[in-house]
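Following are the structures in question.
The two complexes that follow have chain A in common; it is paired with chain B in the first and with chain C in the second.
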Partner chain A sequence: MVRTIITTIGSGLGLTLYSATAAAAWEVNLTPGVTDVSRSVFDLHMTIFWICVAIALVVFGVMFWSIFHHRKSRGAKAHNFHENTLVEVIWTIIPLAILVAMAVPATATLVQMYDSSEAELDIQVTGYQWKWRYDYLDHDLNFFSNLSTPREQITNEADKQEHYLLEVDRHLVVPVATKIRFLLTSNDVIHSWWVPALAVKKDAIPGFINEAWTVIDEPGIYRGQCAELCGKDHGFMPVVIEAVSQDDFQQWLADARAEKQSAAAAAERTWTLDELMQQGEQVYLRACAACHLPNGEGVPGAFPALKGSPIALGDVAGHIDIVLNGKSGTAMQAFRDQLSATELAAVITYERNAWGNSLGEAVSPVQIARLLEPSTGEAEQ
Partner chain B sequence: MSTLETTLESHEHAHHGPAKGIGRWLFTTNHKDIGSMYLWFSLLMFFIGGCMALLIRAELFQPGLQLVEPGFFNQMTTMHGLIMVFGAVMPAFVGLANWMVPMMIGAPDMALPRMNNWSFWILPFAFAMLVSTLFMDGGAPNFGWTFYAPLSTTYAPPSVTYFIFAVHMMGISSIMGAINIIATILNMRTPGMTMMKLPLFCWTWLITAFLLIAVMPVLAGVVTMMLMDIHFGTSFFNAAGGGDPVLFQHVFWFFGHPEVYIMILPAFGIISHIIPTFARKPLFGYASMVYATASIAILSFLVWAHHMFTVGLPLVGELFFMFATMLIAVPTGVKVFNWVATMFRGSMTFETPMLFALAFVVLFTIGGFSGLMLAIAPVDFQYHDTYFVVAHFHYVLVPGAVFAIMAGVYYWLPKWTGHMLNETMGKLHFWISFIGVNITFFPMHFIGLAGMPRRIPDYALQFADFNMVASIGAFIFGLSQLIFLWNVIACVRGGRRAEARAWEGAEGLEWEVASPAPYHTFATPPKLPETPR
Partner chain C sequence: MSDKPTLWQTLLSVLSSFFGVQSEHNRERDFRNGRPVHFILIGLLMAALFVISIILLVRWALILGGA
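Now for the complex of A and B:
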C-alpha cells in the first residue's frame, strides 16, 4: 500500500513536469466556443464575473480597512451605532438594480437558446450506459459512439495520448453553417449530453425527448463528456463532434451507408469457430467487459458473472434472447440494435467458449441475422 | 449578577448531578449532555466523511485509475456527501442548539427533554445502517447524494433499501429536533425577552427548524416513492410505467434547496454573535438580520428548479427560477453588509473564533458570488454538473458552514469546559485550515470552467495540474483537523480557567452563568441584563 502511494506520488510529480509543456494544462476559464450562442454565453459569464469582482473589492475593501484600522491593538475605541435605515435601504436597492441589469441580457440569450425552430438537420441522441447512439433521422443512418481510449492507458500500463478519455471510435459528423437540432433521450438512466464549445448541455432522459440546437461556424473536432452521473462508467462516455463542410458531409453520408451494406453482406458467409472467437473477444471487450469484466467474473451483487453462468452454459436460444433483447428492470441492455449480426454471433460464441466455458459450438451470423429480420421485431411488439 | 450566581449555586446543591457510568449518556434528558453527544457524533462523522473525501482526492491526484475502481469511487462520492450533510453538519448545528438555546433564552432545559434523548439516539443507528451498506453485496449506494431516479431505483444496488430506511430515521430525528427547538424558543424565554430581543442564533435556528419541519417530510416522501418503485411495482419515476424521472428531481430539490439553507442559516446566527463580541460593538442591523433570514427561508421554497436548468424545463419555468434565485442575493448581501458594518469602527481583536468568523465572511461570500453566477440560466448550461458547482457548494459548506461550526465551538468551549483554549494551537489550526481549504477548492473553479464534469474517477489530461493541486490542498486541510481534535480534547482536560464572561466583549445570558456551565442552569428564570443585545 505504502509502496503504491509512493509510486503514485512519484509518477505524479513526473507528470507535472511533463504536462507543464502540454498545451492548455493550466486553463482557468470557460471556452468562448464556436457558435453565436456560445459566444453570448461567454460574454454573460465574463460580465457577471466582473460584477462579482467589483462588489468583492468594495465589500472586502471596507472589511479589511476596518480590520486594519479599527483594531484594539491600535487603540481603536468601539463606537456604539447599530442601525441606520437609510444605509440599509441603499444597500438593498443597489444590489437589486445590479440584478435587474444582469437579468436583461441573460433573458435574451435564454430566449435565443430555446428557439429550435427551422432546423435543417435532425439528429437523435440517445444515451446508453455508457455510450452514445446517434440517429440521423432524415438519412436512415445510425451508429453508436464508444470510448476508444485503450484500457491499458486507463490502468496506467501505457502512456496516455493527447485526447485521453475524450476520443471515440465513431465521431458525430455534422455540416458547418447548418442549423442542427438535437433530440435527446435515453435508453436507461439519465445522461447529459455536453459539448462546451457549442454551449449545449441537455439531459437525456428515458421516456422523454429534449431539444437543443446549434449552428457551428468553423470546421473542427469538438469534445465533451456526459455530465450527469449515470453509473459506473459515467466518466468514460465522451462526446466527439466533427464539423465538416457541406460537401464533405454528403460524401461521409454516402460512405457510411456503403459500410453498413458491406457489414450486412459479411453475415451471409460461413464463419469458423476461431474467427468468431477472435472477433468475439474484441466485441466483448468493447461492449460487455465494462460490467461483466474482461475475465467474465462480473461484480457480485451488481453485475452477474458469465464465467460458469447457467445462461452462458445453458440453452443457446436463452443466451441469444438475453443478449438481443436484454433483461428489463436491470442494467442488461438489448444489443440487437447495437451490434451487427456478425458481432452478435461472435460475442455469444465467445461467451460460451471463453474463461473455461467450453461448449465448443459456434453460433452462426446467419442464424442471428434471421432473428434480426424486421418481422421478428414487430411480432414481439 | 453575583446574586444570580449564588441563586444558581444554591440550586445546584438542591439537584443531583449527572448519573454515573454509561447510563448517564443512554438515558440523559439534560440538554448539555445531549448537546455534547450530538457534537461528538458529528465530529466522528466529519472524520469518516473526511477520510472518504481524501480517498476521492487521492484517486484524482493524477489521471488514470490508481487506487479504486469506478464503482467504488461512486460509492465514496455518495457516502461522503450523505455523511457530511446528514451526519456532520446537521447534527453539529443541533448539538450547538441543544447547548446554547436554553442558556441563551434563560430556560432550564429543552421543552421536550425525553424526545431530545430519542432524537439523538436514533442517529447512531441510522448511520450504522448507512455505513454497513459498504460491506454488502453490490456495495453501498453509488448514485450520488442526490440519488436521481432511475439510477437509484431500477439500476440501484440492493443496499438502496437500507439507504432509504436510514434516510427515514435521519428525517425523524431532524423533525423531532426541530419541534423541540421551536417549542423551547416559543415557550421558554425568560420574562421580558420579546421575540425582537431573541439572540440571533435562536432566531436563525427557529427559522431553520420551520424549514426542517416543512421539508424533511418531503424527503421522506421521495424516498418512500423510490421504495414503492423498487419493491411494490409502482412507476412514479419510471417512464415505461407512465411515471416521470424528472418528477423525482422536482420533489428531491423541493427538499434539497431549503436543506441548503438549513445548513447555513444557523451558521449566520453563530457569526452574528462572534463578530459583535470581538468587535466590541453591537451587531449592526439586528432587525434587518431577522427579516433577511426570514426572506431567505421563504425564497428557498421558490428556487428549487435552479438545480435542474438542463432537464428541459419550459422557457417561462427557467426564467421564473432564474429571477427568483437571483433575488436571494439581496437578503444574503444585506447580511454580509451588516457584518462588515459591525466591524466598522469597532475595537477588534483576533482570537481563534474571530479568525474563523472573518474567514467565513470572506469565503462564504465567494461561494455566494459563484452561486449568483450559477443562477444565470443560460450560463449555467456551461457550469452545471461541472467542478465549478463542486467548488461553489464546497465554498459555502466548508469554509461556510463548517468554519462557522468551528468558530462556534471555539467561542463556546470555555463555557462548556471551564477552560480557555490554547490560542497558539487554535491559530495554528485556523491558518493551516484556511490555506488548505483554499488550495483544495479554489482550483476547482478553474477545472470546472475548463470543462471537467463532477463525479468522475478519471479525467482528461488538460485537467491534471489543478487536480493535483486540489488533492494536495485536501490532505493539508484534512490533516489539519487533527489539530482541531487535539485542541478540543486539550481544552476539555485543562487549561487556563475561564471567567463566566470568557470573552471581554461577549453579551448574552449564556455569559452570565459560571464557566463551566453547571449541570442545571436557570432553574428559575433570570432577569434580563440591562445591556443591549
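Now for the complex of A and C:
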C-alpha cells in the first residue's frame, strides 16, 4: 500500500513535470529487490520513512501553529524562563523511545543479514582495478568479469544502449533458491560489491575477507556497481548476476569447465602471427586499453606508452615478465592469473606489432603456458 | 539543605548526567557540597554497568534473532 502511494505521488509529479513517458523513469525510491532480506530492508526503509514523515508533520505543525497563533499582531507576549526540567525530560524521552522502537526491527534485519551459515554455494569475489574476479570455490572454476560497454558509447561516438556501463563480458551465474555465500576481498585497493536487488553491499578490502549471503527467488539478471571510489575506472566495473534454475546452473558449470579445457588445448596448437594479432587486439582492448589507451600511447605521467616503448620493442623475456608478473609500486598488475596462456601470448604479440611497433615475431601460447606452469594452482585459469 | 548529597542523590545525579538533563536545584547542591571523587567513582561504576547491560542486550537480541 505504502508503495502504491509513493508510486502514485511519484508519477503524479512526473506527469506534471515532464510527460507520460518520463513518468515511467521516475524511480527515486529504494528497490524492494528479489530476496527475503532485500524485502525486509525495503519494509524497514519505508517504516522509518513514514516515522520521519510523522515526526516532521508533528514538529513543524506545532511550530507553524505556534508562530501563527501567538503572533505579535494579536498581542502575544513571550513567556521568559530559563529552564524547565520537565520539558527537557520529555523532549529527551520521546526521541529515545522512537529510536529504540526503530532499533527493534532494524536489529532483527541486521541479525538476518549477518547469518551466512549453512550456505550451499561459496563464491569468492575479488575486486581488481577495475574488474571483478569470481571463484566458485567448490567447483574449480574462476573467471574475470570485465565491462563490455563499447568504448564508442563511452566517448559519445555511438548512442548509449539500455545497459550502458552495467554490462559485462561474463555474468556471475548463480542458481535460484540456493543460499549463496559471498566471500569478498580485494587484490589492490578497497572496492565495494553492491547489488541493490539483493540488498547486498559489502566492502572488498585487501587482506580481509568479508561475508555476505543471498537467496534469490526469481531467475533474472540483476545489475550492480562498485560502491567504493577505487580509482580512475571506478564507474567501469559493474556487477552482473544471472540467476538461473538449478538444472541450468549445473549445465552452465559443465559448459564453463569444458570451455576452460578447450582454451587449455588451444594453447597447445601453433598459432599464426595474424591469428595472435587478431585475438591480441581484443584482449588488449579488454584488459590493457583502460590505462595504456586503445592507441597504445598511454597517459603521460601516469601510464606509460607502449607505442615505441623500450619494453615492447626490447627483449621479449622482459616484456613477458612485466605482463605476467606486473611491476610492484605501479598500477601495472600481474596478468598471469587474469588471462589464459593464449590470451597472454596474443596480447604480447599484439603489443610488439601494433601502432607502428613492428618486430614481426610472434610469442607462442606454448611458450607462455610453460612459464605459467611452475606456480600451479595460482596460475590455473 | 547544606548537607552533603547522600549516596542515593549522588547516584541519581550521575544517572541524570547519563540522561543529559539535570535540574538547576540539584546541580547547585552537588557543586556546593559534593566531592568530585564520589561522582567519578560512581560514574565509572555506572559506565561499567552500562557496558555490561549493552553486552547482555546484544546477546539477548542474538538469541531472539536465532543466531
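Criterion: the second predicted complex is superposed on the first by the 326 of 381 C-alpha atoms of A that agree within 3 Å, B and C clash if a C-alpha of one lies under 4 Å from a C-alpha of the other, contacts with A are read in each partner's own complex, and residues count from 1 in each chain.
Note that contacts are C-beta pairs under 8 Å (C-beta built on N, C-alpha and C of every residue); 3 or more make two chains touch, one makes a residue touch a chain.
Keep in mind it's a predicted model, so treat the numbers as computed, not measured.
*Asks:* Touching A:Phe60 in the superposition: chain B (first), chain C (second), both, neither?
*Replies:* first
*Asks:* Does chain B (first) or chain C (second) touch A:Val111, or do both, or does neither?
*Replies:* both
*Asks:* Is A:Leu137 touching the first partner chain B, the second partner chain C, both, or neither of them?
*Replies:* neither
*Asks:* Contact-wise, after the overlay, does A:Gly231 reach chain B, chain C, both or neither (first, second, both, neither)?
*Replies:* A:Gly231 contacts chain B only, not chain C.
*Asks:* Check whether A:Ala177 is in contact with chain B, with chain C, with both or with neither, and answer first, second, both or neither.
*Replies:* So A:Ala177 meets neither chain B nor chain C here.
*Asks:* Applying the document's definition of touch, where does A:Pro206 land relative to chain B and chain C: first, second, both, or neither?
*Replies:* First partner only.
*Asks:* Tell me which partner A:Ala258 touches in the superposition: chain B (first), chain C (second), both or neither.
*Replies:* Neither partner.
*Asks:* Do chain B and chain C touch any of the same residues on chain A, and if so, which?
*Replies:* 82-83, 88, 92, 107, 111, 114
*Asks:* Please name which positions on chain A make contact with chain B in the complex.
*Replies:* 4-5, 8-9, 11-12, 15-16, 19-20, 22-31, 40-41, 44-45, 48-49, 52, 55-56, 59-60, 62-63, 66-67, 70-73, 76-84, 87-88, 91-92, 95-96, 99, 102-103, 106-107, 109-111, 113-114, 129, 153-156, 160, 162-166, 188-190, 192, 194, 196, 199-203, 205-208, 210-211, 224-236, 299-302, 329-331
*Asks:* Within the complex, which stretch of chain A touches chain C?
*Replies:* 82-83, 85, 88-89, 92, 107-108, 111-112, 114-115
*Asks:* Going by the contact rule set out above, which residues of chain C touch chain A in the complex?
*Replies:* Contact set of chain C toward chain A: 19-24, 61-62, 64-67.
*Asks:* Can you list the residues on chain B that touch chain A in the complex?
*Replies:* Touching chain A: residues 58, 61-67, 70-71, 74, 136-139, 142-144, 148, 150-151, 154-155, 157-158, 238-240, 244-246, 279-288, 310-312, 315, 318-319, 322-323, 326-327, 329-330, 333-334, 336-337, 340-350, 358, 361-362, 365-366, 369, 372-373, 376-379, 381-382, 384-386, 445-446, 449-451, 453-462, 464-466, 468, 505, 532 of chain B.
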